[in-house]
Amino acid sequence: MKILEVEKMVMRFGGLTAVDTLNLNIDKGEILGLIGPNGAGKSTAFNCIAGVHPPTEGTIKFNGENTNQQKPWDLCKKGLARTFQIVKPFASKSVLYNVTVGAFATTDKRADAEDKALAVLKTLNFEDKKELKSGSLTIADRKRLEIARALATEPKLLLLDEVMAGLRPGEVDEMVGIIQGLRDSGITIFVIEHIMRAIMALSDRIVVIQFGKKIAEGTPGEIASNENVIKAYLGEEYGTA
Amino acid sequence: MLYFIEDTINGILMGSIYGLTAMGLTIIFGVLKVINFAHGSLLMVGMYVAYWTITLSGMHPYLALVVVIPVMFLFGYLLQDIVIKPIFKAEKEVREPITVIIVTTGIWYILDNLALLVFGPQYRTIENNPLRGKMFELGEMLISVPKFWGFVIAIITAGAVYYFFQYTRLGRAIRATSLDRDAASLAGINQYKIYNIAFGIGTAVSGIAAITLIPFYNTFPTVGVAFDIKGFIIVVLGGLGSIGGAIVGGIIVGLIESVGPQFMTATWTEAIVYGLFLLVLFVKPSGLFGEKNDW
Amino acid sequence: MTGNEILTPSDNPSGGSAGHSTVSGSSSGHQGFTPRKKIEVFSLLGVVLIAFGLPLIMTSPTYLHIVILIFFYAYLTSCWNMVGGFAGVLPLGHSVFIGIGAYTSTILSLQYGISPWLGMIIGGVLAMGTGVLIGLPTFKMRGAYFALATIAFAEGVRVMVENLNFLGPFNLNGPRGLQIPPVNFGFANFMFQGKEPYYYIILIMLIGVILLTWFISRSKLGYYLNAGGEEPEAAMALGVNVARAKLIAMAMSSFFTALAGTFYAQFSLFIHPKSIISLDLSFEIAFIALIGGRGSIAGPLLGALLLRPVSDFSRIYFGDVFPGLHLVIFGVVLILVMIYQPRGIQEPLTRVYNRLINRLTKEGQAKEVS
């Protein structure tokens, strides 16, 4: 059984079809990348999967269970966590507080939650910043905080939405290492990314969508040489005849 | 039956005046995305300005528009510039600044109680009121003259404001800023100046409303309170930001108030108005003519 | 665990402020009594002792009355804080719960002879139900709409109570209100001759509510409320059912607010809609909490302790010459605070307090060493 199965998913907003008949699935322990030009519908797909709004058509199955109508907080308790493209820290609170909110997903006691949060911070090499007000962090740290928070909920599947955006190359490499470490610890990862270097290095497989439709799927090597993908990104003239 | 028609007409006339009182609120909301809780107090200020202008100069009430409009515009402009702008700047990121609500409520308190301190609690009406109690006959019905003129002024004002926002350069600049203030400022529009002007316009409209009320409504420090809440109800009914909606919403409230007492006590009609308000809030918060936004 | 949480649960070494406790050192709860904590606990006990001993020193019933009202407002603002502070919305119609509590216990005791204490609980439950009913549709709304809805609801109820003489078998007496005859003194009847018993009752209620909000702020519910109030989308993705958390907060807030209604009824022996379900009262509660600092525990308390005396004294001394002056002052203070210290006056006061404590503990530590 795949950990995530998306079948014929369609998302329409009024007259606009943001996602059109999307099919994809993810194996447990895999890192699946999702790429595509801006506006292709990647974040919309994430939002449907994460329960922000139910898809107009199609089915989403998480661990075999149909989750079309489920809400984000229930999905989170079931093991599906996500980060946001535009980071949303609880700005007036400390880093530790932020992560503790996530940790409460698996426990009711504050002492436990804080301990778990600290453990998460440790694995991300973030412990030294635990008292800092999250609103005053650098963008790279805020991205790390997003991941830390989601991680504290003890997810089985983690949806990462453009966590590299705004990072410098050194920080990108660091983030790649972190994500690989997460996979090693048993978490399945579904990544949206624009930074090619990162997504090629991370992903076992990649799905490419454009205008809401899947136009290619395969290993990074296959994708890099795929004619449709090249056309989508660089324009018609660059596709080899 | 005749009473019913007479009540209906009076309800429409008074309702349009209500709509006029609420129009400033909807303008300010439409542009600044702020619900101005001091709205009723602005109306009160307008009434006092009108009262003193008329009493000291002896001019005809409606003529006092010449004084009231610029004074109120300036007052609103300065209010926004001095008191509200700092909060806007501080809460740049936030989509719907709650702090502004709190601040405008503070302004309400200050204005109402300053008026009490300065003018005293007594109810005032203008002496030598050329419109006092004047009625004209429509068949066998009696229609109040000042209310009729209020209706006319309300419609003219609504039309003028609408025209201003749709067809003049400044009006369009204001609308652009309301849609996306950052984009507008990139197009060379000074967003804070726009807000000042919009607030000034909204306040000036409240001044016009005050003039229409002066001939038949008492002036006293807390006169604004009833119109404040009613203003919110009207504006939500008609749709926040919609000029026509304000008039329509006002007429609905006016009709309930004038026709309602035929069937129940006056105070139950008040409860009905509140109930209708809550109903609209729950079912269609964008009102009859408002734009659907994520409020 | 630092001793920070009790009086000033809103500090953070890097200068920000929030509504939770900080953790310094390694892990939570395993530190024992630091010098700082010793000072804080002792001073807290000292304050409580003084509060309990006050009626022995301050025997004038007028002053006692004033202090009772201060505590009353501090209680109300702390209850308001559960929704307005922690849940991040702006409820401006809370007096409706005071009214429900007051009318319920009064009617039950006047018409049916039920003890006001029992009536208090029943009133609280009724208010709780009402609060949840209001919250269900309104919490979906953003800021200003929610505020308007609470105002409309409170005003609607007031209008109804003002115009009903009877609600079914219950005698509401419309705008004339209800009077409680001062007979049958005794605890069971919640009726006392002197002011001292009322003082102790409201003091205990106040301490209870403060403890409650303190516990909540350190609990899962508190964290969830803060998160949901600040970034609802992120909170939902982290497992927070924001709507449900807000409803729980509202339920608690409305229940405890109603208890104060019963207290007021038994204390002043007269209730009527204009005074007890009034918009002015709702606004005053919200303003005090906002000026003091909503979202923190000390904030509403500080606000009431500082602002109520100002309000009372300006009304007593200036009321004739300058009516309404205290409200002007209120408004001005409110605006200034919102512009310069949106988190309330508890923020700068907390900083001063922390500096004081740090200096004391350093001196204390130095003394111990030598």
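Which chain is which? They are A, B and C, in the order written, and residues in each are numbered from 1.
We adopt the following convention: contacts are C-beta pairs under 8 Å (C-beta built on N, C-alpha and C of every residue); 3 or more make two chains touch, one makes a residue touch a chain.
Predicted model only: the values in this text are computed from it and were never measured.
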Can you name the chain whose C-alpha mean lies closest to the mean of all the C-alpha atoms? C
Could you tell me which chain lies farthest from chain C when each chain's centre is the average position of its Cα atoms? A
Report the inter-chain centroid distance for chain A and chain B in whole angstrom, where each centroid is the mean of the CA atoms. 49
If you average the CA atoms of chain A and of chain C, how many Å lie between those two points? 42
So what's the Cα centroid distance for chain B and chain C, whole Å? 34
For chain C, which residues are in contact with chain B within the complex? 90, 92, 137-138, 141-145, 147-149, 151-153, 155-156, 159-160, 162-163, 283, 286-287, 290, 322-325, 327-328, 330-332, 334-335, 338-339, 342
Chain C residues touching chain A in their complex are 12-18, 20, 22-24, 27-29, 218-220, 223-224, 226-227, 230-231, 233-242
For the chain B and chain C complex, residues of the former touching the latter: 34-35, 83, 86-87, 90, 96, 98-99, 101-103, 105-110, 112-114, 116-117, 121, 221, 229, 232-233, 236, 265, 267-268, 270-271, 274-275, 277-278, 281-282, 285, 294-295
Chain C partner, complex, touching residues on chain A are 50, 52, 71-73, 76-77, 81-82, 84, 88-94, 96-97, 100-102, 104-105, 108-111, 113-115, 118, 130-133, 135-136, 149-150, 152-153
